[in-house]
Amino acid sequence: MKDNETRLLEIKERVLAFARERDWEQFHSPKNLSMAIAAESGELLEHFLWMESADSRKIANDPEKIAKIREELADIVIYAIEFANMTDTDLAETIEKKMSHNAAKYPVDKARGRSDKYTEL
Amino acid sequence: MKDNETRLLEIKERVLAFARERDWEQFHSPKNLSMAIAAESGELLEHFLWMESADSRKIANDPEKIAKIREELADIVIYAIEFANMTDTDLAETIEKKMSHNAAKYPVDKARGRSDKYTEL
Amino acid sequence: MKDNETRLLEIKERVLAFARERDWEQFHSPKNLSMAIAAESGELLEHFLWMESADSRKIANDPEKIAKIREELADIVIYAIEFANMTDTDLAETIEKKMSHNAAKYPVDKARGRSDKYTEL
Amino acid sequence: MKDNETRLLEIKERVLAFARERDWEQFHSPKNLSMAIAAESGELLEHFLWMESADSRKIANDPEKIAKIREELADIVIYAIEFANMTDTDLAETIEKKMSHNAAKYPVDKARGRSDKYTEL
């Protein structure tokens, strides 16, 4: 699979099939999946704890580290997709809606180059 | 956008364009994005803190709650996708690789119906 | 050390001495420590991902598991205490203030037996 | 309460009394508390997302921000203490044990000035 050819639905179906084959849907309540997403996010964090922000931009140059980091990222997204499966969520639609929402909260002219929260723009 | 028609690359490009228009790539180091993913995961968790696991399965029946929960999920995935953008990660490829890896760690016959870690199967 | 004899200041001083001996204060910015706290919280979560809430109440009966879980808890508190060190925070005072605040938001008569957020009481 | 006069047991007892008065122990399973700790850690993270590590060291100079940050820290520690309550954990003892453990993994002569994981020292 590659990003330029893979529709979200294909990944959702693969992730769902993986869980079903193992009879794991019984464990995949939204509550439990929210914990799994957070636990995997914690593992991603760990790679960057003591690293300077600027240095983290060069992480893709270290093949061994980036491979591990990509695995953590995949874990997060796999659980997020399974969360979408278990809550009848169309992820693309939800993302599109959230991005319009964000665009309204952060209009380009006000938000450009600023990291402030929208309430402080 | 809908899951059955949207390729991951399209979402990556939209997310990247959103950040570029606002000159936000300067804030989007992998370190900072790993924090953003974890912070949004924490917000998703909050919806389920005191809820029974079984009750969380019915969350999609509450239109107001599920709308908020889907927003949190979208935030997580948007930041995960921006993380992929900033680390030259092909997400579909990474997910496929991770799932083969998981399939080897959790063979169907051993893992069926069990939530144990692969080291304890 | 035991809870009935140990003042918070003693732990703060030990934790600070540990970092100073290793010249680690250079890494212990509040930003980095907030990440460390979250990463350790993720490790604590992992122990409970697929466990029923009711079953988690019996965890102290499993000597091996509870020992690991207590280590994760210690990690969280150690980093939280170092965060207090690095931000000149009197933790006991802060906790007392937060608890009065919480008592006002969750008056006993309204909050008894309910897990709702204060905004919904 | 102040750090130089407050024993951990006092805080544990206050936190427990707070929950008991509200009949909240029914919600405070270790599983649920692990989620609450992680959710509060996420809120602490949020304050530092886009901030440079060096700038975060000056956060105590901003009275409004540091007050909010201390509240988040208090939330984390309060839930960690309640977790100790609900799992019969002597927190001071656990912290002491974990620090000896850490001292063995990170001997001063090897670890000084280095942020590497003990497996890489």
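Couple of notes before you dig in:
By letter and in written order, the chains are A, B, C and D; residue numbering begins at 1 in each of them.
Operating definition for what follows: a contact is a pair of C-beta atoms (placed from the backbone, for glycine too) under 8 Å apart; a residue touches a chain by one contact, two chains touch by 3 or more.
From a predicted model like this one, the values you see are computed outputs, not experimental measurements.
Interface comparison, B-C versus B-D: the pair with the greater number of contacting C-beta pairs is B-D. By residue number, more than half of the contact pairs of A-B reappear in one of the listed pairs A-C, A-D or C-D, namely C-D. Once the centre of each chain is set as its mean CA position, subunit C and subunit D turn out to be 3 Å apart.
Inter-chain spacing, taken between the CA centroids of subunit B and subunit D, is 26 Å. Of all residues in subunit A, those touching 2 or more other chains are 27, 32, 34-35, 38, 41-42, 45, 48-50, 52-53, 115, listed in ascending order.
If you check the complex, the residues on subunit B that touch subunit A are 1-9, 11-12, 14-15, 18, 21-24, 26-27, 29-32, 34-35, 37-38, 41-42, 44-45, 47-48, 51-54, 56-57, 59-60, 66, 69-71, 73-78, 80, 83-84, 86-99, 101-103, 106, 108, 111-113, 115. Of all residues in subunit B, those touching subunit C in their complex are 34-35, 38, 42, 49-50, 52-53, 115.
Every residue of subunit B that touches subunit D in the complex is listed here, in rising order: 27, 32, 35-36, 38-43, 45-46, 48-50.
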